[in-house]
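Notes for the one structure printed next.
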Amino acid sequence: MNLIWASILIPVATAAVIAVANARAARSLAALGSLASLGALAVFAWQFPAWSTGAVFPEPCGCAWLSSINATLGVGFDSVSLLLALLEAFLIPICVIGSWSAISDRQREYYGWFMLLHASILLAFAARDVLLFYVGYEFTLVPLLFIIAIWGGPERRQAAHKLFLYTFLGSLFFLGSILFVGWQHHASTGLWSWDMGTLSTFASARLPANTQFWLFAALLAGFAVKVPLFPVHTWLPLAHNQAPTAGSVILAGTLLKLGTYGIFRLALPMAPEGGAALAVLASVLCTVAVVYAALICWVQTDAKKLVAYSSVSHLGICMLGLFALNPVGAQGSVLYMINHGLSTGALFLLIGMAYERYHVKDMDQIGGLAKRMPVWAFFMVFFTMSSIGLPGLNGFVGEYLCLFGTYIATADASTGYPGLLGPGFALVAGTGLILGAMYMLLLVGRYVFGPLREPKADGHGKHDGSHGHDPHGAGHGHDEGHGDLTGREIGLLVPLALVCLFIGVYPKPMLQAIGPVVERTLAPYPAAVERTLKSQPQAAEAAKAEPKEDDRG
Amino acid sequence: MIAAPAMLSSVLALAEGPLDAHAAPELRWAGLALLLPLISGVLCLLCGWMKVRSKLPAALTIAALGGAFATILRLQGAVGETPVVINLFDWISWTWGDGSRFHGFTANVDLYIDRLTVFWMLFVTGLGTLIALYASEYMESDVGKGYTRFFGAVSIFLFAMGCLVMGGNLVMLYLGWEGVGLASYLLIGYYFTKPEAVAAAKKAFIVNRIGDLGLALALFLIWQCYGTVEYAALWKAIEAAPASSEWTAQAIPWLLMLGAFGKSAQLPLYVWLPDAMEGPTPVSALIHAATMVTAGVYLIARMFPLFIVNPDALAAVAWVGGLTALLAATIGMAQYDMKRIWAYSTISQLGYMFLGLGVGTTFGASYHVFTHAFFKALLFLTAGAVMHGFAGQLDIRKLSGLLKVPGFRLVSLLAVLGCFWLAAFPFTAAFFSKDEILVSAFTAKDERVHVLGWIGLVVAALTAYYTFRVGFRVFFGPVKYEPGDEHHGHDDHQDHGHDHGHAHGSHGASAAHGGHGHHGEFHPHGPRWAIRVPLVLIAVGAMLAGWPSYRTMLNHGEPNWVKTQVAQSSAYQGVAAESHGSHDDHAAAPTAAEGEHAHADHGHLVLGMDAHTAVGRLGSLACIAGILVSLYLHLINRGAADALRRTLMGSIATRWIVVGAERKWLVDEFYDWVIRLPLRLVANILSAIDELLLDAGIVNGIGALPAAFGRLFRPLYGGVVQGYAVTMAGGVALVAAWVIWIWLRGAN
Amino acid sequence: MNPIDPQLPPGDPLVMLGLLASAILFAVGIVGFLSRRNMITMFLCTELMFQGAGLAMISYGRQHMDLSGQVFVIFILTVAAAEAALALGLVVLLYRRKETLSAEAWKELAES
Amino acid sequence: MIPPLLYAASAICAVGLFLLLRQPTGKARLGATILGLAGLAWLLVQGVQASGALGFDPRVAIMSLAVAMATAAAVRVITTTRPVFAALYFVLVVVAGAVAYLVMGAEFMAFSLIIVYAGAILITYMFVLMLAQQAPDAGGPSVAYDRVAREPAAAVLCGFVLLAALASVVGDARANQQPAAMIEARANAAAWNRMRGMPELAQERITAELAAAGKDPMGWSPAGGLEVAQDGRTAMMPVTLADGTRHETVLKASDLPVNSTSLGWELVTSYPGSLELAGVILLMAMLGAVVLARRQTDMAEDDRRAAAGLSRTNVEDADLAGDRA
């Protein structure tokens, strides 16, 4: 408990210190603070006793926060949220140190905001009280708004606005839903409670199916914006494209995961009837997202935008796994959240490193950088392979379990978890593998390989007016700018690569840690899915009578 | 509190898996075959890091691959009739619910060692070692630049191939499958500054991915039907419930087939292989001729129990194989680039193997894989040696009489020998393996495939023709050559010629150098020992590849060694029962089966002869006919070939033959127009929809609503103070009126 | 409740007239403020509104027989005087800037 | 008072004013004026009726006239296109207002109004008009930009919706009317209370009474306390005479202090803070006016021209700058 709060509050304290400290010391302080936060969390994870039980540790305390409605400061982790929080704490030092050379403007503010962003994301993952979760979830927007709007690319204002308003609108749905559930709980039991477990148990058991349907719909609508799911994704490419490198990394790495985590943690357990009823619709959206975003990636010329759209496609697969409503898919989905954070974060980092040297992201103007930066190219290929799911690297396990889960999510109950999807969904989403290879290799083929194309005017001329690149930096850019990665940069990438490799080669501990939580979350689903299947008699009959044609696919 | 340490320790515990009691102790070391290439890969990475500027990476790789070969040789002696599963460590495995069948998923890093595995690994590691040795000289101009990258990728390839072949479950196979794809990608794109190479690498990877999707879906289906993806458990499950009529079970072979066709370059996914020749020649030899492309054959052979229950799928495999063989042979006849011809011949030969699989002779297919691996590697490596010596020249019109060029005599000799094998000249190894396939085609129970036997014979003739077209043109005749445009292998060599606009294989432009203009300055340099030794060894291997058949022939009744290997594996499960049994009645007793050989062929007469005899004679005839035509057109009267071409081109009726064959039947263009361009169009439209309709239209539109609403009232705020006053006063008035109205209503 | 209820005690007609007059003056002041362009006239109109307010104060003071109403008129006068001083100072300032008294000469608050 | 009729009268007034704002001439102008006055008259009649008072009261007639005059003058203030005339009409409004104050018994405020408004504020306005309109026809003719009212319809609508609303309250005044006796009693109580605070006000009465009683009319001092009679109309004030005896003087309503005295007392006793604040406001206004005026003089000619959006006049400066360069 104390360690959790330590990991959350250390960044806050760091931000406070940075605010009054010397501007030159800001970056070192931020690095120290983020490493200390990681350390605290790592110690907690080391001592964490519930890796294999799926339980929440420590039991969330009843420390009052808003005592009139019994909102508490309850924090605690189960293995899923702990893994995600570890991912966050792991990425933040990388982001901070990765910004050392990129940000030379208003450093104190920058690192201060970053620390606050870190704290709020950790808070969201740690919170066991839904209102506290909301606070963490929502507060992330504030630092991110400033990070993008001040240190972003040329269209940073618009991007920041859109990000803020769009996701804020989404979270209103989410807030409304949890307030509704809390109020229902009060109306029904006379007690206020905002504990996730209590509310989930209450809502899933006591609310009628119809209410659950709308509850799930509202929660899904709220989180879908953050994930982002297909029709509500358009803020993401812009935000990614305009954000400074570290902002993109953390946005892709963990901020989007808040959406998927929200669905996993709140929407699915609270409204199983709704989840079962809406799984097909949501999965259709996911499947569309996979193909749609992948095709869009394929025609992008901006490297960062390409990777941004790939996030939409990848998260489509991730959510599809979740909506398979069986342990295979959900396992894959949770693992995918982590993997996506690692590999896409690394790709953004790499693109940012090249951008620092050339100030160009457009692949029409720049390419073949492998000749100049072989080490960079190595990592680029490595993380590309991780991103397109090469077995042996992290992407594979999550991606394949997601597809696998989707595939076996048929009405057939031999797995103990009847599902509503099936081979059709897996087939369409599986084309994402092909398309994924197409666009990622396009990226590698043009950006990394091929004849060397460099913008004629380096640094100075092509500077596109974004802040955050100091004039001095552009000055020595000519000598140093086109060199290969520096030791610091390699030092950032190597841990990422090692973690990717480890997860790919030995995912068993993570699978075993995630498994019990997933089973717990999905416990009400077999029954709910059965009911949904029965309520669609023609579909169920068709599924049984004509197994050759999977009509829902 | 100690959960995490416990977790960590389990990570590190790569415990030796439990072995079956009767297994030989050597099997414990099977993992070395995987580990050694992996180690050399990591060491190569370190070399790259340290910027090693010597041939150290090559030495490391050769040593590691040699070690792997030695391991496999030991296994060869130790492996028994029953397969052994060795668990290296747990990979993806967990259970849910009660953990019973269908309540768990297990795909560990297991090795499944049976004779098929060892047989396959034998030539993979053997050829890998030799070709690495060859490459250590071939690539020497890149020392300090791409040298470590090259050998690192080769190591990765061998590791992945090992996973593919030795893996104990389909997910391991998949790992290898994608891993070899990655290695192939890296090696095709080795000259990464050359756009063609990058494009070819990408193409290879993407086309393979289509097949991979099939394989992945098949994997899911297999789990769904049988509840496991581990071979050992799978065979048991199939035995327990052999032929399910569920569509799921029926669909498995079709999806597996898709995977196999992708990796092994069969119709309709063969298009990547010719382009893959952009890679360095040793790579073409190792990956794109001898080993990786046979993974599809391995897959189907390994999964044969799933195919045997589905005659339609088998027939499809046979037809695809036969047609691919024919198509590729016709294209190969009309190409001028030596490597490309060998590439098409590879596709064609792979077609034979699939034909063999389709007609039920896993033995024939595997045997052909075995023989083909040697002679095709030989041909590629000699081509590479020629290319190495002649600055990248590969155009068969610009090379002639190499047998007489000093330094190239041995290479040429070996190349011509290789041509004999490829043409399946009577009593060469390929003759026997091809014979096996064709006999099976003629005698298959499924009569739909008999015609494929005739197609196979035609292809045999075509093969002989195009093989010797190269042989006669390049190695015989008057000495005449012009160097390529690549300063490959020169000491003053600077930059791999990527700065030249085109590939070493592009012929048209090199003519600009003008016939003998270069002759004065250009001295082809012959290969040294590191190229010669592997060539000779491979040639010996190619000869020895026929040894099993010679032995069978000489002492009638002795089982073919290859057949023994194949028969004691899943590849023969059910074959005896299903197939007509021209070879065996029972997988476990090939000896007896061989004896009944003659009886089994009764009733399958080809041209009134016993199938074996007929195919032997017809095959020899086809081969010799092809060689003779080639001899006339390409050695005795070389002008005649051009004249023939002109004649064919002259007539509208025949023009399409030449144009089609030379332009590869426009398959690439067809794919471009039918798949890539529409997809690109759709992608552009979607991109526009996303940016204009979804984002700029709907999202920004909704975002603009409040602003638009505000703009309604904009005239009130013209900046003039009264404008604001009007609103204020109006607002006050309205509020007052409203309050009064409420009050009045309440009062009355 | 009907105000013309005979049961009610009779009201003071002076108060009624005073209130009506105050309302009318206030309304006319507003109308003037909104419809005139001359800044001086506009300020005169605000003075009209002050007049209305003052009259209302006096009327209610009379109705309740309370002197506070008159006291507030004193304050209104104070504020009016202060306003006049400042406002007219501003008017002069503005006039010097643009050589016109038209309020429409000043549109800097407008968007774009 | 029936709201619909009230609203109808307001509407007639509004139409009249609207027509007048459009600067009609001749008969149209006459018609509009008559219409407006008719509406006004109806409104006033309703007001008087609503009070429920019976019989003729000359004060009501005077008040009505004053109101009519104020209204008419106010309308002229906003319809005339000549600012000077507007100011003069405003004086008329102030005078009419003062009459109304007088009638309602606020004598002090009536005169202060005239002094402060007509005497001080309006004079300031006239000064400003003089300052601002340097044209030959300063103050006299209408200026071009203000010849036509802007948005008269919107303005009239706003104004008269407000009028209707406010006029509705007038009815409320009757409904909330407390019995006269009660009001009077309370008012008397307040007045006696004031008297208690300043017993000197009763001096005249006490002196007269003592003189009549043959005692030393000056030799008394207030004994404290004031006993108000039951009906509140009279009160008994005890005083201590020079000889120490107690004398009780009976005070009548006529002995209560006059308006100005009471007002002064009320102001000082009940609103001392507000009074101070008012002083501060006036001071601040004075300082503000000084600052506003000063800033203007500090500006150079070119700066002012630049501020006014005009081109710079001082071309020599530019030339000099060029030479220097």
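Order as written gives the chain letters A, B, C and D; numbering starts at 1 within each chain.
We adopt the following convention: a residue touches a chain if its C-beta (ideal position, glycine included) is under 8 Å from a C-beta of that chain, and two chains touch if they have at least 3 such contacts.
Remember, it's a predicted structure, so these values are computed and weren't measured experimentally.
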item	value
Lowest number of touching-chain links that must be crossed from chain A to chain D	2
Chain of greatest Cα-centre distance to chain B	D
Geometric centre: closest chain by C-alpha means	A
Gap in Å, rounded to a whole number, between the CA centres of chain C and chain A	62
Whole-Å gap separating chain B and chain C, where each centre is the average of the chain's CA atoms	94
Centroid distance [mean C-alpha coordinates] between chain D and chain B, Å	102
Where chain A and chain B are represented by their mean Cα positions, the distance between them in whole Å	36
Residues of chain D touching at least two other chains	150-151, 154-155, 158-159, 162, 166, 169, 172, 175
Sites on chain C at which at least two other chains make contact	1-2, 30, 33-35, 37, 104
Of all residues in chain A, the ones touching two or more other chains	none
Listing of all chain pairs that touch each other, if any do	A-B, B-C, B-D, C-D
For the chain C and chain D complex, residues of the former touching the latter	1-6, 8-38, 40-41, 43-45, 47-48, 51, 54-55, 58-71, 73-75, 77-86, 88-93, 95-102, 104
Complex contact set, residues of chain B against chain A	1, 3-5, 7, 10-11, 48, 89-94, 96-97, 102-103, 105, 171, 174-175, 177-179, 182, 185-186, 189, 192-195, 198-199, 201-202, 205-206, 209-210, 212-213, 216-217, 219-221, 223-224, 227, 246-248, 498, 679-680, 682-684, 686-687, 690, 694-695, 699, 703
Parts of chain D lying in touch with chain B, wherever the complex brings them together	3, 150-151, 154-155, 157-159, 161-162, 164-166, 168-169, 172, 175
Footprint of chain D on chain B - complex, ascending	722, 726, 729-730, 732-734, 736-737, 739-740, 743-744, 747
Chain B-touching residues of chain C, taken from the complex the two chains share	1-2, 30, 33-35, 37, 42, 103-104, 106-111
